[in-house]
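What follows is a group of structures, each given as structure tokens.
Below are two complexes that have chain A in common, paired first with chain B and then with chain C.
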Partner chain A sequence: MRSRPSDSADIGVSHHPPSGFGVRPQELTRLVAPNTLRAAKEPEERILTALRNNGFRDEIIFGVKLALEEALTNAVKHGNRGDASKHITVSYAVTPERAVIMVADEGPGFAPDCVPDPTLDENLERPCGRGLMLMRAYMTRVEYSETGNCVWMLRENR
Partner chain B sequence: MGERPSSHLRVREQDDIAIVEFADRKILEELSIQEIGEELDQLVEAGSAKLLLNFRNVDHLSSAALGMLITLNKKVKEKHGVLKLSDINRQIFEVFKITRLDRVFDIHESADHALASF
Partner chain C sequence: MDASRESLGAATYAVSTRLEGATHVVSVTGSIQWEHADEFQDYLPTLINAETPNLVLDFSALKFINSSGLSALLAAHRQAREHGGELRLATKQGDIIRLLHITRVDALIQVHETPEDALAAIA
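On to the complex of A and B.
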């Protein structure tokens, strides 16, 4: 089921985790931050604290932090194109079993399948294009909304 | 040459090799990555053809930091120099392996090993 929010500030923000992510929309904590990397630190710190409080191992926290920072950087720099008048939305739910995180921007979105594979020999020396693959490598699941401006990530604690 | 003051890097020279350590534990913040990249560029421009980046102080990084390292590596090669990395912790080495950048960079277990291989 897809949500069709009427509030204009919510355009493109999905409030429903993809099926199989194991949390209900009402379990999510939602934060809205100005579109700067510095402001994005606050939701990040809250999520990392929640992971520690729920007994996630350091090794998993390292990976979630990496993936989350890539998602936040993508939202601020690419999605919202550094526009300080825009916002990013972060929703999350952390339990001892799983962490579910959504990051959305107000940009036009992109087609994740069109990002070239940075691990192919011909792309190895390209300086860009590794954020998305790191997110996929460190999270259990990574799914973009149809609009491409909203990413849902699941990390199971095991 | 003694240690040069720098906001993000500690640089010392041994023989003709510039040994660089990072002052920040996180090579992450977009701005500091850009500045680190510029400082390293200056080292290369100033004639340091042999560069060793010691990662012992680094416990986190990002794809932007990897991009900066790739750009630096190209620049060093253009100048017919050599760039080596050392003391990368297990988790960060995993990032290099996932991205297959362990094939692009000359990575050594310790600074001593790296220095002996120049």
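On to the complex of A and C.
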């Protein structure tokens, strides 16, 4: 886990939060981790600790943990396809008012709007798309980069 | 089976199982998150067969489950159905109930307040 200025992990990554997310790029803490779920645990724990320290309710922390695990799992397993030579990048800022989280991988990206709705009767027993739906359900806003390998998530504390 | 551990500051994951007639009652405490989801998914199918086709999952003390854990539930539900049995859940945890509702998993799997209620519904 380390900070890195600019390298292959930056492909398709925007370091500028989307408009309205309420944080400036210089307020973000940026971590680059090897492409394993074990390594991704550290940014997750740091962010969850920051949420507790900033007074987020357990109900909100549950949702952010869920969304964050889905984003990190997608990055490691689907984006980087389990390639141990690749990295994931996590940027975050947590204040008493909001949590802003970015997760990026080095994969080719995907088109989130083409993922099937997992709550339709015909899709209920299929795993596809449930993680993405949960991110959208539990976060205030979820926005993907044009390339689809970088997701920004905002959760307001209210 | 009993399994319990702490790892890398992660929440505890523990499973205990008992047999009630043709129904296994599996109590899961702690969190089903990414380091546990595969184990959970691999374990449930070992309990379901023609002699014991029913499963009650007691989530009374479960604090968290991710989408991989939900997929494991749905796979076990399908397997139980294929053996002529059924899978039912028991929990009063608001976060878990809301998650089951948002994902519409509760449209396929009945949720009861207690494992005793779930067992009675199967009987």
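Please note the rule applied: the second predicted complex is superposed on the first by the 149 of 158 C-alpha atoms of A that agree within 3 Å, B and C clash if a C-alpha of one lies under 4 Å from a C-alpha of the other, contacts with A are read in each partner's own complex, and residues count from 1 in each chain.
Methods note: a contact is a pair of C-beta atoms (placed from the backbone, for glycine too) under 8 Å apart; a residue touches a chain by one contact, two chains touch by 3 or more.
Quick caveat, the model's predicted, so the values are computed rather than measured.
With the two structures aligned on chain A, chain B clashes with chain C. When the shared chain is aligned, no partner comes close enough to touch A:Arg52: not chain B, not chain C. After overlaying the two complexes on the shared chain, residue contacts for A:Arg81 are found with neither chain B nor chain C.
In the overlay built on the shared chain, the residue A:Leu66 is in contact with chain B and with chain C.
In the superposed model, A:Leu37 makes contact with both chain B and chain C. Touch criterion met: A:Gly131 reaches chain B and chain C at once.
Residue overlap on chain A between the chain B contacts of one complex and the chain C contacts of the other covers 37, 59, 62, 65-66, 69-70, 73, 118-119, 124-125, 127, 130-131, 133-134, 137. Listing the residues of chain C that touch chain A in their complex gives 8-10, 33-35, 63-64, 66-68, 70-71, 74, 77-78, 94-95, 99, 102-105, 107-108. Put simply, chain A touches chain C in their complex at residues 37-38, 41, 45, 58-59, 62, 65-66, 69-70, 72-73, 118-119, 121, 124-125, 127, 130-131, 133-134, 137. Contact residues of chain A toward chain B in the complex are 37, 59, 62, 65-66, 69-70, 73, 77, 118-119, 124-131, 133-134, 137.
Residue ranges of chain B in contact with chain A, taken from their complex: 28-30, 60, 62-64, 66-68, 70-71, 73-74, 91, 95, 98-101, 103-104.
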